[in-house]
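The structure's right below; bear with me while I get my questions together.
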Amino acid sequence: MADVELMTSPPIAASTKDEDLGLLKEVAARTAGISRLEMCIQCGTCGGSCPSAAAMDLTPRAVFALLRAGMREEALKSNTFWVCVSCYHCVVRCPQSVHIADVMYALKSMAIEANLYQDSTAPDFSHTFIGMVEDYGRSFEMGLAGIHYIKHFALRLPGMVPMATGMLTRGRMSLTPKRIKNMRQLRAILNRAKELEAEE
Amino acid sequence: MTRNQEERIGVYVCHCGTNIAGVVDVAQVAEWAAAKLQHRGVVIAREYKFMCSSLGQELIEKDIKELDLNRVVVAACSPHLHEKTFRTACANAGLNPFMCEMVSIREQVSWVHTDKSAATSKAMAMVSGGVERVRHHVPLEPLTVPIHPATLVVGGGIAGIQSALEIADAGHQVYVVEREPSIGGHMAQFDKTFPTLDCSACILTPKMVSVGTHPNVKLLTWSQVEKVEGYVGNFSVTIRKKARKIKEDLCTGCGICQEKCPKKVIDDVYEAGLGYRKAVYTPFPQAVPKFPVMDVANCTYYEKGTCKACEKFCPTDAIDFDQQDEILNVQVGNIILATGYDLFDARRISNYGYGRLPNVFSSLEFERLSNAAGPTNGQVVLRDGKTIPKSVGIVHCVGSRDRNYNNYCSVICCMQSIKFAHLVHERTGATVYNFYIDIRAAFKDYDEFYQRILEEGTQFIRGKVAEISDVPRVASEEGKLIIQVEDTLAGKQRRIPVDMVILSSGLQPRADSKATAKVFGISCSANGWYIEKHPKLDPVATMTEGIFIAGCAQGPKDIPASVAQGAAAAARVLGKIEQKEVALEPVRASVIEDQCSGCRICNGLCPFNAISFLEDRMVTEINPALCQGCGTCVAACPAGAIVGTGFSNEQVMAQIEGLMLMNIEPAEVIA
Amino acid sequence: MKDYLLYPGCSMEYSARAYALSLDAISGPLGLRLKELDDWNCCGATEYLGISRTPAYALIARNLAIAGQASNGTNDLVAPCSACYLNLAKADHYMQEQPQLGAKVNEALAVGELTYRPGSLNIRHLLDVIVNDVGLEEVEKHVVQPLSGLRLAPYLGCMVPRPDYGHRWSDHEFPTELDSLLKALGADVVDYPLKTECCGGHMPQIGPEMGFEMIRRLIASADRLETDAMVTMCPMCQLNLDAYQGETNQFFKTHFHMPILFFTQLMGLAFGIEPKELGFGLELVSARNVLDALGVKAPPETPPAPPKRARRPEGLPMPGPLPKGNPSEQKIREVV
Amino acid sequence: MSENAKPKFAMYWAAACGGCEIAVLNTHEKILDVDATFEVVFWPVAMDAKYKDVEAMEDGSILLTLFNGGIRSDENEHIAKLLRRKSKLMVAFGSCANEGCIPGLANLSDSRELVHTAFNTITTDNPHEIYPMTSYDVPEGEIHIPTILPVLKTLAQVVDVDYFMPGCPPESHQIAAVIDLVIQAIQGKAQLPPKGSVIGAGSSTVCDECKRTRSVKSIKAFQRIWAIAAEPTVCLLEQGIPCNGPATRSGCDARCPAAGAQCIGCYGPADGVVDYGARLISSFASVIDSNDPVEIDRILDGLVDPTGQFYRFNLAGSLLRAAVPAWKKAKV
Amino acid sequence: MTDAFEPTIIGFTCNWCSYRAADLAGTARIKYPANVRLVRLMCSGRLDPTFVFKALASGADGVMITGCHPGECHYLEQNYKALRRFQLMQRTLKGLGLESGRIKLLWASAAEGARFASEVAAFVEEIRALGPLHWGRADASEAVGAEVAEGPRLQEVSA
């Protein structure tokens, strides 16, 4: 009994919460294509290449280290993958050919599921966007930006006005998107796809 | 093939520790063989921890004597590892060594299969195959051929120089073939060598000179091997000696021709593109031999038909514009390949800006820059030729450990970069940053050297450099090269402005290494490095008897390792020369004359010209010394009149029957 | 001239109308026959991929499936928008690399009575088609108003040269295709070092400060090279650099005036087509300076010599360009 | 004839064309020596005899049996075994008994197809799909006809054979020589060769006896004999004509090549050869003059029906013995 | 062992490349199915078609012939002879009703351990898909007369 106690009571220093060593595999499995995530040698090429690294709380490399360590919460609540701009610099430079950008997408969806993110701006933007796509089959980014600004950066709206009007007067922005003809088909496909994704 | 008395076969199954026993039930295999193959002549079947150990061998020898075995099957590792061992064991016990057959149940079974029962039954089948095969073995006497005492060394870098001198000093003839105008190789381009920082030229030049002057060395620079024929002990090599356009017998190497030559050319080889040479030139002052060569592609005379300045001024009329290439043929017994490496071309990594950003230098460029005999007399300056850098970034692993370029580690770059850091610090006092993924400072005194450079205040930043750019984001970056990198230990992206960047480019196989390998009939790894006979136990021999490799041709390595390998290869060659003759595997083809109808199907099939047709008797004959034992003619003879020892039809067919367990009642076959 | 299937993408309808108009105007003279896909849908940009994998790929693949049906005679699917181009290529690539994904996507498509066989289409970007299929010689033939004297910065953005599943581009970081096209139009092409840096993508929306900073970097660098206009091939890049330039200036108290044009608009100009038909005037940062420069220009004598990268006579020589056709030139990327 | 002490002689004709029998008669007056030396006890083609008479004989009482023909039916097999039991010397006589010969080509198809072809195709008008039955009840009782085996077998595949005498048919002078030898042996004047050896033929191949001049071979195209005017003195194979001579046992004096036709291989493989066809495949292919798969294919297109080319006589006697279908059906 | 069909495959290897590739696969511990049993020859040029026929006649379901890559033969050019024989052998075996997929020619250098393993694995699956061969293992003495007589019974033919 006592031994068991001893064995189960952890040294204070070590982080013990939700350490699961399957995490890395899990992420790899949820990534499109063959991620090669397990091949990361922590060289930092990704973090060095990233144009938006300045805005990241953790560099991609650091996130991968957390995944390897099985620290789910720490990894998923970082803003790294939300700030990722999908420029693929890291992907083409990675000496281990890790599909970094696609891992980022996988992490986004995992963070949303786990409801782990500090700032809802980015996830919201994605949701507004796909909401629109699921309703119309098309997107109209400027209208989208407008909506998004109203929600998150109301203060900045005045600054937006000249641009918005400019866009409107030039017919570069509309308030309703076109709707595709066969919306029923698209919805059916997306619904089936969602079921299939859920099966994982 | 006739077989002597009735077969008494011993079967020996090796555990190889757990290497085999971990997957294959060796005990079951042995029992099975003893029981099921008894009617095929198996009188004893044993299993043992390590058959290759002296105890294991004694076990076999004892059985041969006591049980009067006349055939032995050893189920263990690949014959390429231990066939010799067990043949010797048989010989010790008075049995002809060729009455032994090896079955590879490690490389072909336990190491590659996971399903234990499947692996075990495969092992049984393979043993059965071995037993059936060995029944058809016949005593053979190895063929011995004399070894020609001369040796060919290809490549005049430090590895080649070392092996040439070792052999020459032992009193044997050596031919050294070098395709550049002088020997010396890459080492001649360096200024200092790590970790001792002694002057490269100072330690290399004496060796070069003794190669040039050694009575036993025939030095052929500006030359290339075109053809290699024959086999161990008896190679016949065709060498093209390119026209120097200089009469070597008259030339004194005074160098006046170079002075007078009006044509300046960028020297891409010796000066790594950082300096100039003339159209007639010796690459560097200490060149061996001292004779210059004429660069026909760039010489004004060959372009325009006039000039001949060199000829006018040559005091000994040594210039010969009409000189032609010479084709030489030499006989040698052994060959050492020390063809070296190429530097990775950093222009391939466009985000490092080499070739686009003037002050990004390659490692070889920096070697020249820092070399007292180099274009700047050892002054470390920017591309403008005068400005001394105040901050320098040194990038490790350029083109190495990177699946986009070369996936292997180039071994020398870490120490080289640390050496650069020291030289820069010493010559300029600049702030030095080294960017690394891991510091690999194995081997004697290397880590100490690293420690010393740390003391000098070099900033080591752990992170693979992402990009080098000249586009400033802030004022402090104006006019600088910015090295963008993640400092993985700080976990932050950093942009470090510097005046100069040195790319520690990796090593890669010679562009033509595969072609060269073909000429000499050895094999290359997928990357293009030459493959050694055994990665641990036979690092300088190749699969091809009589051909050895040394230096970077075999894989990236530093100077001490290259020298050691050069010497090792020489020792192997000397060993062969001392044997005076070499025993060839008695795997040979021969013709049964009264079955040969002289149809001449086989006559055109032998690339070694071992097959000849005797018009008078209208039969074909095979010269055993020339025959390499490939067996193509054996397979081709329509009359079955050609037999091949060691791999006879009977042996192979019997082995197939055995593998398919045709020798056992189907009922008894273990699924 | 070949036929092509065209996937315009949502932006072409509004924010990138100039792109649509100018493409329309030049494809006639070039004999480009672009057949727009019937009832195509949004590719999901970079947003859907981050929400849920299979639906995201199904969304893209619906277009591929439609294209597959429409492809009689041609199997080249052309996208002018970088994000669309990448998404289409990505779906095609991963459906092969990861058969399970391919199977799932097709299972989803099946309910819409659609299916797509990965690898059956060539996904091409418009620039690739114009440079490699139409060819620069052909383009030059149509130039009546060379753009001589115009200093243009070729700006490709990220998603076309990277990750480049089809190995179609000369380099991941410094591709030369757009440069040579603009040269063919007679323009004075700036050696723009940030030609494949990121415009910020959705950053202006989700993290404006970072977004503006990324925009600033690009414009500042073009500005210091005395660029008359930046030439892009991506609606997203154009939008960010053009529409947010004002805000960026406010944010950093800078006064950049950098017109952002689509390469098709400049081709149109060189072909002597009316600026209006090319969507000039739709940009927020006016490109009048460009038109003026050409307007006042007398018909050019000899086109200006290319900017010389001469080695200073003293100083140390530079390594030459990487030899062409060098097999090692292409990066080896085994897919494990 | 009365019971004299003459050694007994038998000859049997299984699945074969009868050519072997004719060849024996072609020995002309030599046939008289046979009659003089032997008492012919069983020779269905030459004299009347019943199986039961043979069955009645004492085992090993027949000195010499020349068995020609392959084993196609259970009757063939029965008699082969019977004669083996009764004979001292069992000789596989002629190509059929040795290696299956032309009847052996039936092994390319399964036996039901054979029967069908024989009884219900153009050769036979059989609207009612009537096939022979192996047994049938008649008022006199049940009658039997032989049943056909799935694959034709060579004599050696069913019984132990003492000597092999190849040829389709064996050359008459060779037969004469063999008969002489046996008679001499009987009279103790000569030694018989060791059991299992090939008699009445050479040990090397047809090229040995072929007068055509030969040089190093390299085939750029295969020709059919009628397609070209073959050079009369040069090796046919070198002219691209697929001549089986190089792999075929000598003993026929190279009659075909001498007559300008390629050897088709009726004397079978030479000493120590396991598979006749394999030898030819290997040797023909080895001397094809190309390293390019496509070009090689083009050249091989000139070799119409390789299977027939290499296994015309030897199929039943080859390693594989029959085509896959034959075996597959046999397993049903 | 599962009752799923486990094919037996005989593989002929060249002493200089493919046999060493197999060794390399071993030293690198690369796994592949146990269905292949290798025979070592000095060169693919030694490959006598007889060996292949022998293997098939002995019950092998497939045969794998391996040698050095074209132009890399240890004996300079003998692997080309193997190529030619392979092509003629394929044609002949086709005539004997064999699926061409049962015999495979593979070039593998001494460095290609991983490739060797994956090719073997692939081949095993191809053969598994083709099913058992059992050439010549059938009991050929079993008569089929009875079976062929299954047609309509012989009738009295009345005018």
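Observations, loosely collected:
All chains are identified by letter, namely A, B, C, D and E, in their written order; residue positions are counted from 1 within each chain.
Keep in mind that, in the parts below, contacts are C-beta pairs under 8 Å (C-beta built on N, C-alpha and C of every residue); 3 or more make two chains touch, one makes a residue touch a chain.
Please read these numbers as outputs of a predicted model, since none were measured by experiment.
The fewest steps needed to get from chain A to chain E, moving only between touching chains, is 2.
Looking at contact counts per chain pair, the maximum sits at A-C.
Taking each chain's centre as the mean of its CA atoms, D is the chain most distant from chain A. Centroid analysis (C-alpha atoms only) places D farthest from chain C. Remark: chain B and chain D have CA centroids separated by 58 Å (rounded to whole angstrom). Between chain B and chain E the centroid-to-centroid distance comes to 35 Å (mean Cα coordinates, whole Å). For the pair chain A and chain C, the distance between C-alpha centroids works out to 25 Å. The centroid of the Cα atoms in chain B and the matching centroid in chain C are 47 Å apart. For chain A, residues touching at least two other chains, in rising order: 54, 89, 92, 97. Those residues of chain D in touch with two or more other chains are numbered 274, 279, 282, 286. Annotation for chain B: residues 351, 403-404, 467, 605, 632, 635-636, 649, 653 touch two or more other chains. Taken together, the chains touch in the following pairs: A-B, A-C, B-C, B-D, B-E, D-E.
Residue ranges on chain D touching chain B, taken from their complex, read 203-208, 214-218, 235, 237, 245-247, 250, 269-274, 279-280, 282-283, 286-287.
Note for the complex: chain B touches chain C at residues 266, 273-276, 345, 347-348, 350-351, 354-356, 358, 362, 369, 375-376, 381, 383-386, 403-405, 467, 469-471, 473. Residues 1, 6, 8, 10, 16-17, 19-20, 22-23, 25-27, 29-34, 37-43, 45-48, 50-51, 54-55, 58-60, 71-72, 74-78, 81, 85, 109-112, 117 of chain E are the ones that touch chain B when the two sit in their complex. Contacts from chain C toward chain B in the complex involve residues 171-174, 193-194, 217, 221, 312, 314-322, 328-329, 331-334. Contact residues of chain B toward chain E in the complex are 78-80, 104, 106-109, 111-115, 117-119, 121-122, 125-126, 129, 518, 521, 523-526, 531, 543-544, 587, 605, 607-608, 628-632, 634-636, 644, 646-647, 649, 652-653, 655-657, 659-660, 662, 671.
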